[in-house]
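Down below is the structure, laid out as structure tokens.
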Amino acid sequence: MNDMRIVERDVDTNEVKIAAKDVQVFYGDTHAIKDVSVDINDKTVTAFIGPSGCGKSTFLRCINRMNDTIDVCRVQGDIRIDSEDIYDPKVDPVQLRAKVGMVFQKPNPFPKSIYDNVAYGPRIHGLAKTKADLDDIVEKSLRRGAIWDEVKDRLHAPGTGLSGGQQQRLCIARAVATEPEVLLMDEPCSALDPIATAQVEELIDELRKNYSVVIVTHSMQQAARVSQKTAFFHLGHLVEYGETGTIFTNPVDPRTESYITGRIG
Amino acid sequence: MTDASMTPAAAAPKKSSLSVVDARTRKRNAAETRFRMYGVAAIAVGLLFLLFLFASILRSGIPAFTQTVMDVEFVLTQEQFEQAESKMLKTGEYQNIFVNALQGQLEESGFEVAFDAKAIERIVGKPGGTIRSFYLENPDRVGTPVSFELAASSRVDGYFNGRVTRDNIVDSRFLMASDLDLVDALEDAGIIRGAFNWNFITGTDSGVDNPGGAGLGASVIGSFFMMLVVLFLSLPIGVAASIYLEEFAPKNRWTDLIEVNISNLAAVPSIVFGILGLAVFIQFAGLPQSAPLVGGLVLTLMTLPTIIISTRASLAAVPPSIRDAALGVGASKMQSVFHHVLPLAMPGILTGTIIGLAQALGETAPLLLIGMVGFVAREYPEGFLSGFTHANSAMPAQIYTWASRADPGFYEKAWGGIIILLLFLITMNAIAVILRRRFERRW
Amino acid sequence: MNDQHIASAFDRDLEAIQAQIMKMGGLVENAILEASISLETRDEERAETVRRADKAIDELEELINEEAARVIALRAPTAIDLRLVLTIIKVSANLERIGDYAKNMAKRTSVLSQMAPVDDSAGALRRMAKEVERMLKDALDAYVSRDAELAQDVIDRDIEVDQMYSSLFREFLTFMMEDPRNITACMHLHFIAKNVERMGDHVTSIAEQVVYLVTGNTPDEARSKGDKTSLQA
């Protein structure tokens, strides 16, 4: 009865972009992520929800190997993007991070001009041969970040002079400037007010046409609004992973139901 | 079942009014007021001492900037010139001409006073040589009126400053009580006056018997070359070491050990660095003694811990979100440090460097053992490169040297040197503050 | 007030279920019309079509409930959005009941067409059904244009439907008393009339929902009871 289905729910027709299998993460002796296996689809927004300390941010940071910067962190298991193992010793994390962009919780534009913020990534990866190319990339990225109209007249103003919501959209524009295929977002709206949050969520909805987006969020309502698939983490385990509508109306696992209805912390 | 009648003792808590201050609050407020008073008093005492310090420095040091000079004008006729040149004791002849001219000038002004060539010598020294060299260089000035400005001796200077008075003067070959009348007469005639002593600032050091002619100029140059060495060595080495320790070094016991030792080095007495400099740079490496290069190297070793500590603090003050953002965009660790962290830490690094340099500028003890103290810096170095290797003194060393000389005339020079040194230090610290204010960023 | 939500997907979701309601409304209006025509023309085939078409109406109601639950779970609507979703749920329930009554009408039509026609009763019934269908149309129009006045008008018109039912009730009594052979047919016709009157009540309920949606208050006067038959001795 697909013609009666109201919202586009074409998740099942998208291919798998990120495949994680039996992933374990240790911080020193603490076993933070236990046996997590999940397949994340392309052109889809996938949300990771769960109580504080459940490991969702840790798992997110495994996908672009940001955990490498932490000395005591050890990652085991298989994580593949487009069927390539990203923890293979031949893989250079720097190159990986051009393909997998990241947006952080607190907007952190570089203390440079708006233009330089967006141009930095393409510059160091050599994506633009001429100044005109670079200008194109900057404009395209700022448009993708839904902030072009607001800043096109002041590209050389400092990035830190924008409002919170604008800064976060600038960070998103910066992340897409390196032409990534995956966008990771670690609680991107927690530092923003409701209107800015709504604008960023609308932007994320746009972005999923081109990228696979994985968003970690403390707010279940945000996961409900913005994602097509949701994964519920609890104490380092992946408890349930499924289509967002189903998870929020009729979850399978009782732990998921308890968390969503607010019956456990 | 609870008792229906509650005991009166367990009545509801008393309600207090906000407009009545209770005893505890009053006591607390009194204690805080007292504490504030203590603080203000402490600051006031500190300011008082500061004022006292500055007043005494200025009082003792300002005389160093004034010089008592004699204006003498005379005409040297051609015959006098040739006559003087033909004599055996040429400068002596010029001296006579000078004395006669002075006498004439004095009589013209209408002052009758006993004249004595020896007294003139005590007052103004032997300017014969100066006069002769002038005419030899400018023979065309023969026959025309020439005005000479000659420095008076340091005792006369002291008389004008109030250091030497008719009461405490001790007759010596430097000055006698009877000379003072002559000096007064000369002053009334307008021949002797006080003038600003530029030579103090630009001139070189002089021998122990000529305090009046001593100048700080050469040691300023010596300090300058030393600071160049310190700046160009300690800044790169310090910043590079800090970057490595802060960003790249693994956090294990070895790096902890290094960190502790660097902090300790900052507290090592500076004379130890002097011994180190002597042993390594002069004896082992054979560098020239008293050279600003060696002084600079020693001071570099001393300043490095300061620079490393302040650079590390600046680097640590850069929020980790910037590093994360850079890494997230695909920069390598090195790129993120050099493109993002370092520019943001630069104001703090500069401030730390300038403060370190200011400290190094004022160090004396290490220079003691490498020969810059006690050295009489008589000449300026010839060229830029020889400035590093030409033996010289440094400002604080020069001040110490002057302070330890016997002649009281050097005493005020020492104070004057302190004023100049303080000016340098205040300027450098002011630059540091301005830089910090200007580049300070809010995240 | 801006009509669009910042999150355009929210607007899309709401528009989608409103479209479904309008579709359901159209189907139900059609069912009422077809059922009353088939009654008047004694067209058994038409009646059969109406009975089959009710399945689609039931499925739509189920779908709308599911989607409304989804919107509540995922969007946490507030204020006018919440009233909208609650209205949609109730309206779809009302529409489904109206559809069921139309189906019942069609069922009895098949039976009635076997018997002799009772005097002009079908015509009266058709007029009543037509009035109810007009009321439904107006109620749905009031919903679309958020017109509380039109909705209130619909609520007030229910009294006429009730009066029509009362007079039909007396008429059927008279027929039954006149000729006992009419009793079976009149009983069926009476049930049909009762169904239409109940349809009118449900349409009124829809109109009340529209008033709630627009103003946030339920209309407070008690619905006028034009049907005095329960008091008739």
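Chains here go by letter, A, B and C, matching the order in which they are written, and residues are numbered from 1 within each.
We take it that contacts are C-beta pairs under 8 Å (C-beta built on N, C-alpha and C of every residue); 3 or more make two chains touch, one makes a residue touch a chain.
Computed from a prediction, not measured in an experiment: that's the story for all the values here.
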Just grab the chain with the largest centre-to-centre distance to subunit C, centres being mean Cα coordinates.
B
Chain centroid nearest the full-protein CA centroid
A
How many angstrom between the C-alpha centroids of subunit C and subunit A?
49
Round to the nearest whole Å and give the separation of the Cα centres of subunit B and subunit C.
101
Which integer distance in Å separates the CA centroid of subunit A from that of subunit B?
59
Among all residues of subunit C, those touching at least two other chains are none
Going by residue number, subunit A touches two or more other chains at none
Once bound in the complex, which stretches of subunit A touch subunit C?
4, 6-7, 195, 198-199, 201-202, 205, 221, 224-225, 244-245, 248-249
Using the touch definition up top, name the residues of subunit B that touch subunit A in the complex.
250-251, 319, 321-322, 324-332, 335, 339-340, 344, 441, 443
Note which residues of subunit C are touching subunit A in the complex, please.
5-10, 12-13, 16-17, 20, 59, 63, 67, 69-70, 73-76
Across the complex, what residues on subunit A touch subunit B?
64, 66, 69, 71, 94-95, 97-98, 101-104, 106, 108-111, 120-121, 124-125, 160, 171, 174-175, 177-178
